[in-house]
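Take a look at these structures.
Shared between the two complexes below is chain A, which pairs with chain B and chain C, respectively.
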Partner chain A sequence: MSTALLEQQSETVMHFQQLFQEREQKLNGQANAPLPRLQRLAMDRLAETPFPTRRNEDWKYTATTRILAPAYTAGTEAELAAEQVKAANIVCLDAYVLVFVNGVFSAKHSQVYGMPPELTLWPVKDALKDDRFRPIIEAQLFHEENQVHNAFEHLNMAFAEHGHFIHVPKNVVVDKPIHFLYISETEDQAIFTHPQIIISLERSAELTIIEHFTGTVKGDAPYFTNVANRFHVAENANLKHYRIQDESVKAFHVNNTRVRQDRVSTYSGYLVDLGSRIVRNNLGAVLLDESTNTNFYGMYFGRGEQHIDNQTFIDHAFPHCESNELYKGIVNDKASAVFNGKVLVRQDAQKTNAYQQNSSLVLSPKAVVDSKPQLEIFADDVKCSHGATIGQLDENSVFYLRSRGLSDEQARALLQHAFLKEVLDFMPEEKVINASEELITKKFQGEF
Partner chain B sequence: MSDSMQTLEAHTRSDYKYGFTSDIDTETLPKGLNEDIVRAISAKKGEPEFLLEWRLKAFKYWQELVEPTWPNVDYPPIDYQDIIYYAAPKKKPKYESLDEVDPELLDTFNKLGIPLDEQKVLAGVAVDAVIDSVSVKTTFKEKLSELGIIFCSFSEAVKDHPELIKKYLGTVVPIQDNFFAALNSAVFSDGSFVYIPKGVRCPMELSTYFRINAANTGQFERTLIVAEEGSYVSYLEGCTAPMRDENQLHAAVVEIIALDDAEVKYSTVQNWYPGDKDGKGGIYNFVTKRGLCAGKNSKISWTQVETGSAITWKYPSCVLKGDNSVGEFYSVAVTNNKQQADTGTKMIHLGKNTRSTIVSKGISAGYSHNSYRGLVKIGKKAENAHNFSVCDSLLMGDKCGAHTFPYLEVDNNTAKVEHEATTSKIGEDQLFYCMQRGLSEEDAINMIVNGYCKEVFNELPMEFAVEAQKLLAITLEGSVG
Partner chain C sequence: MLSIKDLKVDIEDKAILQGISLDIKPGEVHAIMGPNGSGKSTLANVLSGREEYEVTGGDVSFLGEDLLELEVDERAQAGIFMAFQYPVEIPGVTTATFLKSAVNAVREARGLEELKPVEMLRLIRQKADMLGIDHKFLQRSLNEGFSGGEKKRNEMLQMALLEPKLAILDETDSGLDIDALKIVSDAVNQLRQADRSFIVVTHYQRLLNYIVPDYVHVLYNGRIVKSGDKNLALELEEKGYDWIKEEVAAGIPSL
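This part shows the complex of A and B:
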């Protein structure tokens, strides 16, 4: 690492440490409560773990220096009008809604009535005080199966105050999706927020969650959303996870989501990336037993100077598991997109089926796509494939549509839409599809 | 299932049958590497001043470098001070007639279908006995020089054509390129030089086999091929016959320059000692190969069949600088026992309308690991560039590994890049079908594997292709062959 980079890093970490100490001083003797203790631990680890740079192979295409440059402070709750929240919400979606304004949970805007009584949805700081849940949470936070935690995850743990813990007991099917709506707003002071969701699904439980990020930057100061999620899906359980990332294009977004799956469980991720100046998603699934099913359906659309980096990892350690990955994206203007998908099939993971596909459209001379689909296979009786394509719109198709009376612009927009629609069509929840499509249309029209 | 599994394992567990021959070197420099050694090598070869300076510059740069560790291969650290960097051409044991040659070796030759006279040369039977070969060699030489083609050892080229060496050496693989290229630049002992003048189509396949003094050019080879405007050459490196070679580390450099409308086809068959079945010994084949399509409409095509070496770590690459230039890469890499291969290609598209094709077939058996690592980069100004890549892996046995690390980097919106990869094993149904038609299990496996590699073998020159098929069978021997 160059000395300039080192200096910047140590300055950043010092800044974080200072913020941490200031907050600790305000704890008023609560420093020994379970959450602050964990935070202290995470802070110590952060001091030992440097932030990744482009010298790290996995971060080759994304520089973290720009993300870490502003002097962030922790976000504080701002007044939001009910209409503003409503505008950000997904139209007509029947769900339990948890609203976070600048990272702070807002009970006023949230709607959690009528939840099944068996379901536990608690703030992490309360759940940690409960003897039933503390071991579950700690296990989720500290396991590092085959993936060393990066500095952003430590940073999240050190500063996350409003993380939530969801526990769904055996055989319970949660009737409605749980919608986490994160709204951020900045003017002159850069803020960072640390959303955190820890989920534990017990045997044969079912749950759908929607993570939804949106925000505005009114002045010059950006905001930085640093997410860390931990999901555990037990035997025969089913977790559907939507993520709609529609942050301001001046904001930064880092998302670390780690999934652990037991026997015959299913995890499906539906991932929509539209916003942020720089977004980096690390999505990893570790398969802990046989016959699991893992699906990643990702879609991204970059315009302006956006940079969208998707990193996925699936660790097949047991036989008869299946994984599907489909990532499709469009880059226009000066935007750039990165896809780095890794599938590891260990020696015992016979009869594994693993498929991975990444397709990108590059629509302007200054747009850039870097794609790196990787397979590492140690078992012989497997079916694994990956494919990657990078190209443009088919001019014949454009011509066909124009011959039917569409303008050039309309024809191109329609084709791009259709390109992305393939991914959206995998979503079971129609309202989320509609909401995503609306956001995409807005983006086509230049409102980004 | 378990039956065929066992047979497969039995097939792939065989040894490399050709042990090393020990021989005595006459003229060697002491072990180790320092500036004096570099100077001594240069002096021994009577090199001009510019080359010595070039070597020293490379050596200085190499000292600052750290050996890279990113490849997907494992080997104990190399002690660079424990290597002899210069040995005069070694003498092979001479035999009076073929009867004295190791019968197993002859057996391999027969399996490969090598003509009797060639067998004699390869096995080291006294060359003067093989009159035909010698005369062939000289007629070839005459014919080539008539056309103005220069094909000689690197040292000869330095003496006879220093202006060409000065002009082209290091233009494709500069000394700063990588650790092993810098090392090679400092200490290379010899190699081949090919120059095809403007508009000449080389009438025959050029092979190191026909070059005088070609045997044992040493571990730090340097090959330079220059194809002038409108010329064509097909160059063969290596030999399907097993190579008896003692040097553990091979850090060679191959540079190709193709000017306007020129075409260069470079085929490699590599069958060096892979080490025994426990992974002891064997050659480290760390080679930097790169071709520069400098002119318009030029074309460089790499074809490689890699079956030997304990570790193969190389990426024959094409820099497509000229407009409309074409790069191709066809590869079959077979690993067995404890062999490791991390190989692939780089296609750097810089010019307009450049095209590249990558076809890579990996086969891993035993405890081996086979990785494909490739880069396709489309530069900002490379309008209408097109790449198509396929990399398939075949796994034989459940203790081996197959890995793919493709990098696609596209900076231009008119580019079309397609990549696909699959990993699978030989289908039970395919095996069953072949056996039901009366083929033995070995023949069936052999046939399926050859079919799988067909696309690449089709790119090899005729006689090589036939041999390569057989070689594949021998590498996966046990009963596959």
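This part shows the complex of A and C:
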């Protein structure tokens, strides 16, 4: 690392340490409660773990220095009008809703009545005090199977105050999706928030969660959403995970989601990125046993100066596992997108079915896409394919649509929509498809 | 309605249309025939607004407007409809969505209100029934995986919905079996009216038994070398094009 970078990083970390100490001082004897102890541990780790820089191959295209430059403080709950929350909600979706305003859980805006009694949905802070759950959470937080945790994850753990823990016991099918709605709003003070969801699905349990990140930057000060999720999907369990990210285009967003899957389990991620000035998603699935099913369906759409970086990792270590990965995206104006998808098929992972595809449309001469699908195969009896295409809109199609009276703009919007729709169509929940489509339409119309 | 005067068109510096003149009055049906490569599709494409053609001379006026100055979507809105020889497939856009967007775009340009979803659906279904198109096609991606005949019928469905002033059919009959041909011809005949004209490009006299033209023109080497009534098509069916080529070689004036 260059000295300038080193200096900036140590300044950043010092700033974080100072914030951390200020908060600790306010704890008044609570510092030895389980959560503050974990946070102290994470803070120590953060001090030892440099933030990745562009010299790091996996971070080549994304400058963390820009994300870390503002002098953030922890978000505090702001008054939000009920209409504002309603506008951010998913129309007609029957779900349990947890609303977080500037990272702070807002009971007032949330709706969690009527949850199945077997289900545990607790603040991590409380769950850690329960002997049944503490070992589960700690196992989730500290496993480092095949991947070392990065500084953003330590930062999240050090500052996450409103993380939630979900435990679904065996054979329980949760009747409605759990919707985590994160709304941030800044004016002249930059804030960071640390959303955290830790999920443990026991054998044959089923759950759908929706993360939705949105917000507004009213003044000059950006906000930074730094997410870290840990999901464990036990044998024959099924987790559906939607993530809709339409943050302010002045915001920064880093999302680390690690999934661990046991035998015959299914994880499906439906991932929509529309917002943020810079967004970096690390999504990884470690397959711990045979016959798992892993699906990553991602779509992204960048305009203006947005930068959208998706890194995915699927680690096949056992036989008969299947993974499907499809990422499609559009970049326009000066936007850039990165797709770096690693699929590792280890020697013992015979009969693996791994499919990976990344397709992008680049609609302006200044827009850029870097696509790197990587398939590393060490087993010999597998079915794997991967591919990347980068193209423009098909002008024959544009002409055809225009010859039926659609304007050039309408024709192009329709075709872009169709391109992205292929990914949305994998979503089982139609209301989330509709909500995503509406956001895409708004984006076409330049509303954000 | 449409008046083409001495139209000359190049593609990649090659002269394809070498002075075409044609006058089409409201309600008329003009058939254009001619050997492969003679320029029939080129003429149709230039009228529809394709950009890869270079107009090097002549004028085209449509309902008093300079057609060549209009963008392709403006032409469609003004009432030109081109049924393509090879309609493109557009994955991800359902036929229904496409039809709705097109109908509303054209209505808006013509100063009409957008149709309500229910009215739209009723209209689309009614026209689909007229053309014997199964409603399940409406939910499929536009033309994707449609057979040749299904694509052509889909073109006719669009024509029926967009109610053009001038419809140009480029080999809509090619690849249709006899039943489909009848359905397509019936649709065209139903749409025939005093203020709507048709240009029908075809290789086969068979179509003209169903859609009886007012005029038949023979295009050869980028020129209209012969014009006549429907009997000219019968003559061509019987004798082929050689006699016309010979006449042209001998310098016998057309008409």
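Here is the rule we go by: the second predicted complex is superposed on the first by the 448 of 448 C-alpha atoms of A that agree within 3 Å, B and C clash if a C-alpha of one lies under 4 Å from a C-alpha of the other, contacts with A are read in each partner's own complex, and residues count from 1 in each chain.
Please note the rule applied: contacts are C-beta pairs under 8 Å (C-beta built on N, C-alpha and C of every residue); 3 or more make two chains touch, one makes a residue touch a chain.
Since the structure is predicted, the reported quantities are computational estimates derived from the model, not experimental observations.
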Chain B and chain C placed together on chain A: clash or fit? fit
Larger residue footprint on chain A, choosing between chain B and chain C, goes to B
Report task. Look at A:I433 in the shared chain and tell me whether it touches chain B only, chain C only, both, or neither; answer first, second, both or neither. Result -> neither
Margin query: So in the superposed three-chain picture, is A:S371 touching just chain B, just chain C, both, or none of them (first/second/both/neither)?
Written below: first
Q. Of the two partner chains, chain B (first) and chain C (second), which one does A:K421 touch, if any: first, second, both, or neither?
A. second
Practice item. Check the residue A:L363 against both partner chains and state whether it touches chain B (first), chain C (second), both, or neither. Key: first
* Would you check which partner chain A:S403 touches, where first means chain B only, second means chain C only, and both and neither mean what they say? => second
Shortest Cα gap between chain B and chain C in the overlay, whole Å, is 17
Chain B and chain C footprints on chain A meet at residues none
Residue positions on chain A within touch of chain B in the complex are 57, 347, 350, 360, 362-365, 367-392
Note: in the complex, chain B contacts chain A through residues 70, 380, 393, 395-425
Listed in rising order, chain A residues that touch chain C in their complex are 394, 396-397, 399-408, 410-411, 414-415, 417-419, 421-422
Contacts from chain C onto chain A in the complex sit at residues 48-51, 71-73, 75-77, 82, 84, 87-88, 90-93, 97-98, 101-102, 105-106, 109, 141, 158, 162
